[in-house]
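Structures incoming, each one as structure tokens.
Next, two complexes with chain A in common: one pairs it with chain B, the other with chain C.
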Partner chain A sequence: MPNNNHYFKAIVMGGSAGSFSVISNILSKIRPDFKPPIILSLHRLKHVRSGLVEGLSLKSKIKVIEPNDKEKLSYNNVYLAPSNYHLFIEIDGSISLSTEESYNHSRPSIDYTLSSAAYVYRDKILGILLTGANKDGAKGLKDIHDKRGFTIIQDPSTCDIDTMPKEALKLFKPNKVFSPDQIVEFLNSLPQ
Partner chain B sequence: MNLGINEIKEITKAMALYPEMDYSNFLISFLKRRLSLIFDKLKIRKVDLFIESLSDETVRRTITDYMCVEVTEMFRDPAFWRSIRSNILDKIPDKADTIWLPHISTGEELFSLSVILHESEKLSAFKIECNTPSKTKYSEIITGKINPKHFDLNQTNYKRLENKELFKDYFNSKNGEVSIKEELRNNIKCNVSNSFTNIDSEANVGLIIFRNIAIYLNHKTTEEIYKELIDKLMPGGFLAIGIKEELPQSIKDYLIEIDSSEKIYKKPQPKQSNSYA
Partner chain C sequence: MQEREGSKTYKEYLKVLKECSPYNFCEYSNNSIDRRITKIMRDNRLNMDELIYKTRKDQSFVEYVVESITVNTTELFRDPLIWEYLLKEVVPKLKGHPQINIWHAGCSTGQEVYSFMILLDQLNMLEKSKIYATDISQKALNCAAKGEYVYNFNYEKYLTNFEEVFKNHTTNVNFNDYFKVDKAKDLISVKAKLKEKTNFIKHDLVKEEMPFYNKFDIIFCRNVLIYFNESLQSRIVQRFHDNLFNKGVMVLGTHEGLNGFFRTKFARNNYVYSKTDTFHFKY
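Up next is the complex of A and B:
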């Protein structure tokens, strides 16, 4: 693991099929005083409103919230995109939700969340793309890369379904390709 | 097309010269997405050309259509509609004669309400007032049209709500078009307007459904609109907002929370009320 001197204003993670257990694992091992807000955009059943926050909260060392529209991001929280809404980051550090058309057959769309984070935080954002079964998220992570943000892709050999990371790897070379345990180690090494 | 903030402001200023196209109170990020989409759809590459094209009424109409965010399903959030039916309809003040859905884009919310009212045998008790900024959407609403692509999803949502198979009986289907039956829309009064708060001053409004509309507006405008809506609501009437929306604290303190999950609030009677302003 490289010595890590990066400073990030926020962490944004996207995932689809198989990502729940990976994220649950990351949140269970992350340091409790982890400061930058973590924003999660995960594909989920649109008619099931509850359960995911509760499931992630069971093991998480950090509070997990499903935010309301216009809620301000704050330190030491995990924000999960609500089902059937797109989640965007605004210039003033607040969240905006949207019921606009599905993108990549998804709402929330990972691309939308990641691209908005890239636009707002530029080189002060860390984007992580996890296991998943479609291409959503690949372009958004590339947007982070293009704005000189830091990008991590889950090692496809550790994914339940590797379509999403492989689609991203086709588009650009990320800063890191990590296993879930390496992602945790990296996050915990970040200066707070 | 990747529009910058200054370009978006320039475009929005030009659009606002036409009363039906004033989007100056919308979130910049929303405008960026919508306008980029419209530039692509109209195959326009330059801001100057876009602004020039606004003089053409047909183009303005097309742009207004694209600015509308389609509500993609009827009975979105079945638990919300269950709460309206179980907790609200019987408690709307006796003198109320109107249910109001300001600034809708499509008929899905409106027709969901019609079905609920019909099944509660209250359809004739209220007129339903609504407005839409789009002339195209207006035509679809008054003829009862819904997007046929989403019919299965609508039916699934309805089944989650009712656990019945009645849904398709409420619709006519012809030549690939699906429309809600006329008897379910006789009491709907719709007009074309970009306003969020205009309604017949004689209306006794007992319920306002304003879901997932303020999410596209800036903070200041959102608060102002909520205040105006509440002013136009009868004491004892109800306001419903989107399940992931939050009222400004001063307004929340003034209203009585009826359903915290489904975000339904009641306006207090005058003797209970304190000013929220």
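Up next is the complex of A and C:
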């Protein structure tokens, strides 16, 4: 499992179809003092505009926030990309939002969030790509990989829909291919 | 996304643009402007040197660049809860005013300008309203003045938003009173009585000069400030503060907040900010 080189300034996770229950499960088992900010970029069904933050908060051990533009990332928080906005990490560790065109038919686009995090945190970022029904996220996770960040892809055999992880696996070899339980175990064993 | 190793170069490009055109994008937030310029280069198959050359030589290309940098995504009654709140709580308080001045700053293609006019009309306050709508993009303003929108066969969504806003309103409000829907052409057109009422004016928010002299009861600036860095955001919010009547209302996007300093100059009520004349020293 992790070693002392595994020090991350932030965790970014992307997912679409089927990812709500996986994330909810991860957040319900994560240690309450988990330090690095966790940034979630999740596709939502078009007609379900709100309720996701409340849904995730129900079980989460850590506070879940839908951040405002220019909000600074801080320890021990989960940041959920607001519905209908792209979310980026800026170089000063703040969040910026945008309403520009959908990318990969998605807003938020997981590629956008992951790529911006890769650029800012380089080898100090952990990127996790979960179950999903489109290719958005694969390229962003590769950007993290290329910047020597740490990458985990959910084991396709544990996914509701495995398009997203399989697309990423086509592009590069991640550090780990994990089941949701292994992801939790890994996160909880990180040095705080 | 593109490699950002050359991130210095887009900043240099913005300096060139500032130097040889009336536009200044130097204080746009990094990620968004970088991506827009990368897209312009990709769409036109230009490298940075070629982009700079073309920008210096060709004024019509500069206008194209400005149009491409500007983000024009807006919809009718985006975030219905805000509009419902304005309808119930905010606008009725202005009923006694002889005239109501409204500014939509960064109105894009105008959907929210019309959305608000419908609210005013429902409260019988449209007649006495003076409405100004500004944007940096001439193309967006032309579209706004025309009042015709392709809705990508997603008519239901607009109708749902509309109905959500007026679901508890005193009278029954009919979408067709305000819009003509052409399903074959995939087009929603705003009816003439709304279109006649608005002044669409080209104005760059980055610039200090204002295109009008009056103060305002309500200023809308939704999902515009997110494209600017913090210092530019603050200057613009200060200008809104200067141009509001006391207790005037500022409406921002759902995920736009004010920094600490401005939280002393505006009071937050639910979805909107109102100008206060008190300064809270505890900040």
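Definition applied: the second predicted complex is superposed on the first by the 182 of 192 C-alpha atoms of A that agree within 3 Å, B and C clash if a C-alpha of one lies under 4 Å from a C-alpha of the other, contacts with A are read in each partner's own complex, and residues count from 1 in each chain.
Operating definition for what follows: a contact is a pair of C-beta atoms (placed from the backbone, for glycine too) under 8 Å apart; a residue touches a chain by one contact, two chains touch by 3 or more.
Everything numeric in this text was worked out from a predicted model, so none of it was measured.
Asker: Sticking to the clash and touch definitions up top, decide whether chain B and chain C on chain A clash or fit.
Answerer: Partners clash after overlay.
Asker: With the two complexes superposed on chain A, say which partner A:90 touches: chain B (first), chain C (second), both, or neither.
Answerer: Touch partners of A:90: chain B and chain C.
Asker: I'd like to know which partner A:98 touches here: chain B for first, chain C for second, both or neither.
Answerer: Both: A:98 reaches chain B and chain C.
Asker: Would you sort A:167 into first (chain B), second (chain C), both or neither based on which partner it touches?
Answerer: In the superposition, A:167 contacts neither chain B nor chain C.
Asker: A:71 contacts which: chain B (first), chain C (second), both, neither?
Answerer: both
Asker: Once the structures are superposed on A, label A:111 by its partner contacts, choosing first (chain B), second (chain C), both or neither.
Answerer: second
Asker: So, A:136: does it touch chain B (first), chain C (second), both, or neither?
Answerer: A:136 contacts neither chain B nor chain C.
Asker: Chain A residues touched by both chain B and chain C?
Answerer: 66-71, 82, 84-85, 88, 90-91, 96-101, 116
Asker: Which stretch or stretches of chain A touch chain C in the complex?
Answerer: Going through chain A, the ones touching chain C are 46, 66-71, 82, 84-85, 88, 90-91, 96-101, 111-112, 115-116, 119, 139-140, 143.
Asker: For a test of understanding, state which residues of chain A touch chain B in their complex under the given definition.
Answerer: Where chain A meets chain B, its residues are 47, 49, 66-71, 82, 84-85, 88, 90-91, 96-102, 116.
Asker: Quick one: in the complex, what on chain B touches chain A?
Answerer: On the chain B side, the touching residues are 27-30, 33, 69-72, 76-79, 156-157, 160, 212, 214-216, 219, 222, 242-246.
Asker: Which residues, counting only chain C, touch chain A once they are in their complex?
Answerer: Spelled out, the residues of chain C in touch with chain A are 1, 4, 29-32, 35-36, 71, 73-74, 78, 157, 223, 225-227, 230, 233, 253-257, 259.
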